[in-house]
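Both complexes shown next keep subunit A, but they swap its partner, so subunit B is in the first and subunit C is in the second.
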Partner chain A sequence: MGERTVIPFGPQHPVLPEPIHLDLVLEDETVVEAIPQIGYIHRGLEKLVEKKDFKQYVFVAERICGICSFIHSLGYCLSVEKVMGIEVPERATFLRTMWSELSRIHSHVLWMGLVADGYGFESLFMHSWRLREQILDLFEETTGGRVIFSACEVGGVRKDVTVEQLQKIKSTMISFEKELQEITNVFLNDASIKSRTKGVGVLTKQMAYDLGAVGPTLRASGVASDLRSTGYAAYGKLNFEPIIETDGDCYARTAVRIRETFQSIDLVKQCVDMMPEGDVRVDVKGNPDGESFIRLEQPRGEVLYYTKANGSKFLERYRVRTPTFANLAPLLEMLKGCDLADVPVIVLSIDPCISCTER
Partner chain B sequence: MSILSMTKTLMKSVFHGPYTLLYPIKKKEVFEHTKGSIEIEVADCIHCGLCQRNCPTGAIQVDRNSANWSIDRLDCIQCYYCVESCPKKCLKMGNQYSAPAVKKVRDEFTNARVSGN
Partner chain C sequence: MEQQTLRMISPEDLLSETLNLKNSGYRFVAISCTKVGEGLEISYSFEKNQDFVSLRIVVEDNAEIESVSCFYVPAFLYENEIKELFGIKVKNILLDYNDNFYKIAKKTPFNEKKEAL
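== the complex of A and B ==
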């Protein structure tokens, strides 16, 4: 047994897009324990709910995270709508679903780029992000924003989409799928990538379940848990099956995300085909009064929103439990026993989003 | 062969040339609804102050006495909540971004008809 050393990993590290600090306790080159520390980018966004009225807070809610911004605003709007008993027009639910799925594609392709950068595969990183531009352009054309859309509001959506735009989304999805196929073949079949991911950071089914893993991290360990199957927004009307892999290693988590991206492309196409006619927003009168609890599926996993309103225009409490927070405990288990050189890949394999976690 | 899985994509890139635009010679086209910056038709403004009250970041200031409407471009988050709340529809979201700035300056607009200047 070698001597124990502690190596600090982060908050500034080439593979980390956002700051998290891990104290890695090593025996020779093997990690025996990882001690996390977060709190570098806490912004007090939950507290802001007492200062901004419930209609203004949508713009704060979507700034909780830069990648899943739309789904955060959707979660907030669904929570307040549940409290106020608002029925959203059907076209709005389909638009919300379509933008959520496009966000998922954009998040997963972004992650592919980051993880390729983590392996040191620079050209793959560049090509992943090149493909992602097409999705960002679709966002810009339909909502006006590339990352922050301000498209969701309490009572529906603020932008309608024209028939031409819907057709463009569909044709882009068809060409995007072909181009993505080339890139994902590399992720799944390349020998050098397989050597970095196969059998690395294994999380067994039982461990994933016990430690409360969520999202692709949980599904890669063989647990078929996907909140989209609960049918929120328009998911209940779409043809959808959760994607699972059973190995629980970094390769399985990559495979789940890649297969989910293709599934999301299919869901966007379904949304375009089934898009109903009609209004996209309803007038909201009065103030919310009551409590609600909402669970949604973000690209990184299950997110929980708790909302408490007291009849005034300011909410009393808004609580978000984000997927990365839930995935930190499984991450620490995955890191035990791995090589120091594999730490960046394992950390990236849960797709950490620290600004969500700290809010 | 699995170690050459990237070759096809790379060969395509070699002959394709850069995917990025040669800015500033060639600029990216903006879409019709791109959220650029807030524009005001100040002659139609009645200085009711609804935009100021609704702005989530407090970027807008309206002074009824001097018929002045001003916006801090760096504070504005392009949510166009003001555009939706304007009763006279004199605000709109333009698709051109505001110019880069090195310090915070308020863009001022004064309604000459009301202020009598």
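== the complex of A and C ==
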């Protein structure tokens, strides 16, 4: 048996966009165990429900994370609307769905850039983020913000979108798709990327299910689970199937995210084509009283929102279980038996969002 | 839309009910904790084929509960979280961070004991 050493990975590391610490137990250059430590950016956001009333709290919820921002605000609004029995107008559900899918595109393309940077493929990183700017421009035109855009509110959405803006979104999706094809060809076919990702960080289907993996990490191991299939917002009216791969390695997780990006482009086009006329919000009267569990599909996977209210304007509890929190245990399994040099790629392959994890 | 079920169980039945769900093929989703009066309400959530089931126990502040990480490994993360934020005592967690999970300065911020006036 080789001598065991413990090497710290993080909280500061060139491939980590946010701080997380892993104690890597090594025998020679092979990882035998990884022990996570978090807590570097815990902000206590859930406790703020005691200070911000239920209408104000949406602005806190969307600041849980800058990448997953809109879907956090959507989840919060859906939770409170379920407790209060509010039915939002159909146009609002389609706008929410459209912005959710644009968020998914921007998140996945951001991830592509980060993982290219992790490979040392700087030009691919720059191309990915240059492409992503088109999506951020659409957010800014339609909502006023690029990253955190405060479009969702309890009862609907705060802004409507004009016919011209919808047409521009659709035409941008068409041109974006062509440009995306060029860079994703590199991710999927480049020999050096394949050698660093194929057979690396394998998570079998059974392990993925047993360890509670979610999102692309779960679907890359062959489990066809996608919360959008439950039909929340306008997803029940859209045509799509969960994207799965079966190898369960870093390459499979890359392929799932790339294919989901193209799927999201199609979903945005469907939303634009099917956008109904009508109001975008309803007035909200009274205070919530009751509880709800809401599950949505973030770009990184399943997110759970638990809301409990007691009839006052402040919620009693708002609990968020984010996808990266769920993917931590599968990550520890993926790291077992890998080479030390593969650790950055494996960690990036779950698309970690530590702001979401710690809240 | 998915089906959601919430079942109240006693703390003594937590392990057996969790094992039943494990044997029925349910995956682990989350553990959620809320302060209720002088006690704590803990919901263990599981899911299988869009059937979302939550088992709920209500315990006193000083109660000790068993860890379910023996059946569902990822539960150790959630149990460490509720230990640190709510002060609930959880026995036999697979990996216990001893209240050092989030490294927060204030002890049990979600279960503050109010000083008697």
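Annotations for the structure displayed:
The rule is short, and it goes like this: the second predicted complex is superposed on the first by the 359 of 359 C-alpha atoms of A that agree within 3 Å, B and C clash if a C-alpha of one lies under 4 Å from a C-alpha of the other, contacts with A are read in each partner's own complex, and residues count from 1 in each chain.
Here, contacts are C-beta pairs under 8 Å (C-beta built on N, C-alpha and C of every residue); 3 or more make two chains touch, one makes a residue touch a chain.
Please read these numbers as outputs of a predicted model, since none were measured by experiment.
By the touch criterion stated above, A:Gly144 is placed in contact with subunit B alone, subunit C being left untouched. Shared-chain residue A:Asn310: touches no atom of subunit B or subunit C. When the shared chain is aligned, subunit B comes close enough to touch A:Glu182, but subunit C does not.
Applying the stated contact rule after C-alpha superposition, one finds that A:Lys52 touches subunit B and leaves subunit C untouched. When the shared chain is aligned, subunit C comes close enough to touch A:Leu328, but subunit B does not.
After overlaying the two complexes on the shared chain, residue contacts for A:Glu358 are found with subunit C alone; subunit B is out of touch.
Of the two partner chains, neither subunit B nor subunit C is touched by A:Ser195. In the superposition on chain A, A:Thr162 contacts neither subunit B nor subunit C. Looking at subunit A, you'll find no residue that touches subunit B in one structure and subunit C in the other. Residues 2-3, 5-6, 8-10, 13, 19, 31, 33-35, 54, 56, 77-81, 84, 93 of subunit B are the ones that touch subunit A when the two sit in their complex. If you check the complex, the residues on subunit A that touch subunit C are 35, 37-40, 42, 44, 46-47, 209-212, 229-232, 236, 293, 295, 302, 304, 306, 308, 316-317, 319, 321, 325-326, 328-329, 358. Within the complex formed with subunit A, the residues of subunit C that make contact are 1-2, 4, 27-30, 32-35, 43, 45, 47, 50, 52, 54, 72-74, 76-78, 95, 97, 100-104, 109-110. Interface residues of subunit A facing subunit B in the complex, by the touch rule stated above, are 52, 55-56, 59-60, 121, 123-124, 127, 130, 140-145, 148, 150, 158-159, 182-183, 185-186, 189-192, 194.
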